[in-house]
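What follows is chain A paired twice: with chain B in the first complex and chain C in the second.
Take a look at the complex of A and B:
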């Protein structure tokens, strides 16, 4: 079942456009939303949640139009844009006291289990929490109302490697029952290599790829060769870097035909991002 | 809506702010410019609520909750309207005391029924200027405050001038023509309701178009 469907989402700013952004996420999966800084990740996520008014496009959650059913569908979604940076002088207990009232499915026992699991002290003010703790508190709020879909913007940034790993394990745990899905944006691609099922890659406001992670990696190769080989291959390369010994570049597997003598390896997500960004930058 | 109002009263207002409502007691000053007393509400109270909201990122917090953007605007306007009603109530108590204990004539308008009708109108004018201007950006507070204050002050000055200088308005001073004064009070309440609805409609439409 499709939990989230984004169709031809457009949004224009004077110096930036989201162009026909489309992707969908089924229940029971984690989708990593990657792209460089300023590529449009947060704008896309905010447009999905109607925080940024879209120019055109359709957003459906659980098969229902989001704009028409905003209040009901927001009950099913846990949102997190960075860590908590609001009401910083207020104790988190007081903030929870307000937030819990808004959700029909608020689960106090679940809330307290996350508070305990993340070692959060409810009597602390937001400003007294470290950035990692703020992310955890924000996540606790998002998780405590049994949200079916979690939309998380950069949930892992600011966390130490151990906390990141724990968080990724938690993500896996959440989707295990096949009822939940997570869409999270990040530029730490190693996180996605650990836990994402699908990858949606946005560059300069348009979606470059949106498919299963393994398919995505299988569709590309990082090729290495001499400068002479580069001149032959250049039109087919997405982008390349030239160095003293030759070149390294990214190519689609279908464009590699006839060049089997080159060294070709499956790329990491980071390499795909770097070469596409290089192409976009025109360098 | 109930939950958003709870949030407004529980998180968005510092309890000490309520003391500001005691500016209503200024109506006990004899021979004074009584419109000043309810004006402190928008001189101090309103800008402080919005500045506090800005520093605490109240809007960013509110729109994440399962509500529509326009509900956030509605809750804030309802909050201010409720506080204005409370301010008028507090002032009215002192207005009644004033009319009972002082026998000397005030040079300017007395705190009578018509006066409170005009206070309703003054608050209505403040709201209809301030809210739509603020929700154009949802963060710029200075210019909307100055312009809305200026509009309300001009209105109050106009009323004082009319009651003082225009013979037809003289019945609205002291307790000369109570039925006429009650009509002004009713008119004030009506205008207050109408302009607040207009303020909400325009503000929420503008706020919907903002990228947060």
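Take a look at the complex of A and C:
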């Protein structure tokens, strides 16, 4: 079942445009949303949630139009956009008291289990929390009302490797029952190499790819060769880097045909991003 | 009990690693016919691998007759006869060997040299 469907989302700012952003996420999976700084990740997520008004496009959550059912559907969604950075002089216990009232399905026991799991101290003020702690508190709020869909903007940023690893483990626990999905943006692609089922890659306001992670990686190769080989292959490459002794480049598998003698390896997500960004992205 | 260990350093795709390890355990008789495989989502969580990757490995195992699915109950190790197992073992061998031999040929090795090398490394 499709949990989230985004269709031809457009949003224009004076110097930036989201152009026909479309992708969809089924129930029970993790989708990583990747792209360089300023590629449009946060704008996309905010437009989906109607935190910034979109110019055009359709958002459907659980099969229902989001705009027409915004209040009801927001009950089904847990969101976080960075660490908590409001009411910095207020104790987080107090902030929770306010936030919980917005959610019919708020679960205090669940909330306290996350407070404990993340070692948060409810008597602390926001300004007394480290940036990692602010992220964890923000996540706690997103996770405590039995949301079917989690939309998380950079949930791993500011976390140390151990905390990041714990968080990814938690994500997999959440989707294990097949009823929940997680859409999260990150530029730390190593977080996604293993746990993500789908990858949506945005560059310069365009969706470059949105598909199963394994298929995405399978569709590309990093090729290496001599400078002579580069001149032959250049028209087929997405982008390349030349060094003193040869070149490396990114190519689609189907464009590699006839050049099987070249060294070709499956790329990492990071390599796909780097070469597309080098190309100028988004086309 | 099923054993799977993923190598991050291997060039082999993860679903291939899983397929190889599970099919290997079935061919060697370490997983008895009728053994129930753990649910895909549990395996994914335990191995910290995407659900779809595990699904793909399970689908390949099913397609090649190593396991079968009973709707609503899960996946089970197929009841393979000794003949089936030998057959699968030889076809797995053939598939790998073909690629390896092509590589040795590309290095200019003769059949004799390949056989000598195999003998040497087998006993190591």
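Note that in this section the second predicted complex is superposed on the first by the 280 of 283 C-alpha atoms of A that agree within 3 Å, B and C clash if a C-alpha of one lies under 4 Å from a C-alpha of the other, contacts with A are read in each partner's own complex, and residues count from 1 in each chain.
Note that in this section a residue touches a chain if its C-beta (ideal position, glycine included) is under 8 Å from a C-beta of that chain, and two chains touch if they have at least 3 such contacts.
What you see is a predicted model; the values in this text were computed from it and never measured.
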(request) Specify the outcome, clash or fit, for chain B and chain C once both structures are aligned onto chain A. (result) fit
(request) State whether A:71 touches chain B only (first), chain C only (second), both chains, or neither. (result) first
(message) Contact-wise, after the overlay, does A:29 reach chain B, chain C, both or neither (first, second, both, neither)?
(response) second
(message) Let me test your reading of the model: by the given contact rule, A:212 touches which partner, first (chain B), second (chain C), both or neither?
(response) second
(message) Tell me the angle subtended at the Cα centre of chain A by the Cα centres of chain B and chain C, rounded to the nearest 10 °.
(response) 160
(request) Identify the partner contact of A:221: answer first if only chain B is touched, second if only chain C is, both if each is, neither if none is. (result) neither
(request) Have a look at where A:164 lands relative to chain B and chain C in the superposition and call it first, second, both or neither. (result) neither
(request) Based on the superposed arrangement, let me know which partner A:180 touches: chain B (first), chain C (second), both, or neither? (result) neither
(message) Between chain B and chain C, whom does A:90 touch in the aligned arrangement: first, second, both, or neither?
(response) first
(request) Check whether A:148 is in contact with chain B, with chain C, with both or with neither, and answer first, second, both or neither. (result) neither
(message) I want to verify one number: the closest Cα approach of chain B to chain C after the superposition, in Å.
(response) 29
(request) Share the list of chain A residues that count as touching for chain B in one structure and for chain C in the other. (result) none
(request) Quick one: which bits of chain A touch chain C in the complex? Just the residue numbers, please. (result) 28-30, 168-169, 172-173, 175-178, 194-198, 212-214, 217-218, 265-266
(message) With touch defined as at the start, can you tell me which chain C residues reach chain A in the complex?
(response) 11, 13-15, 41-42, 44-45, 48-53, 56
(request) In the complex, go through chain B and note every residue touching chain A. (result) 3, 6-7, 10-11, 56-58, 60-61, 63-69, 208-212
(message) Could you list, by residue number, the parts of chain A that touch chain B in their complex?
(response) 13, 43, 46, 50-53, 70-71, 74-75, 79, 81, 85-90, 94-95, 97-99, 101-103
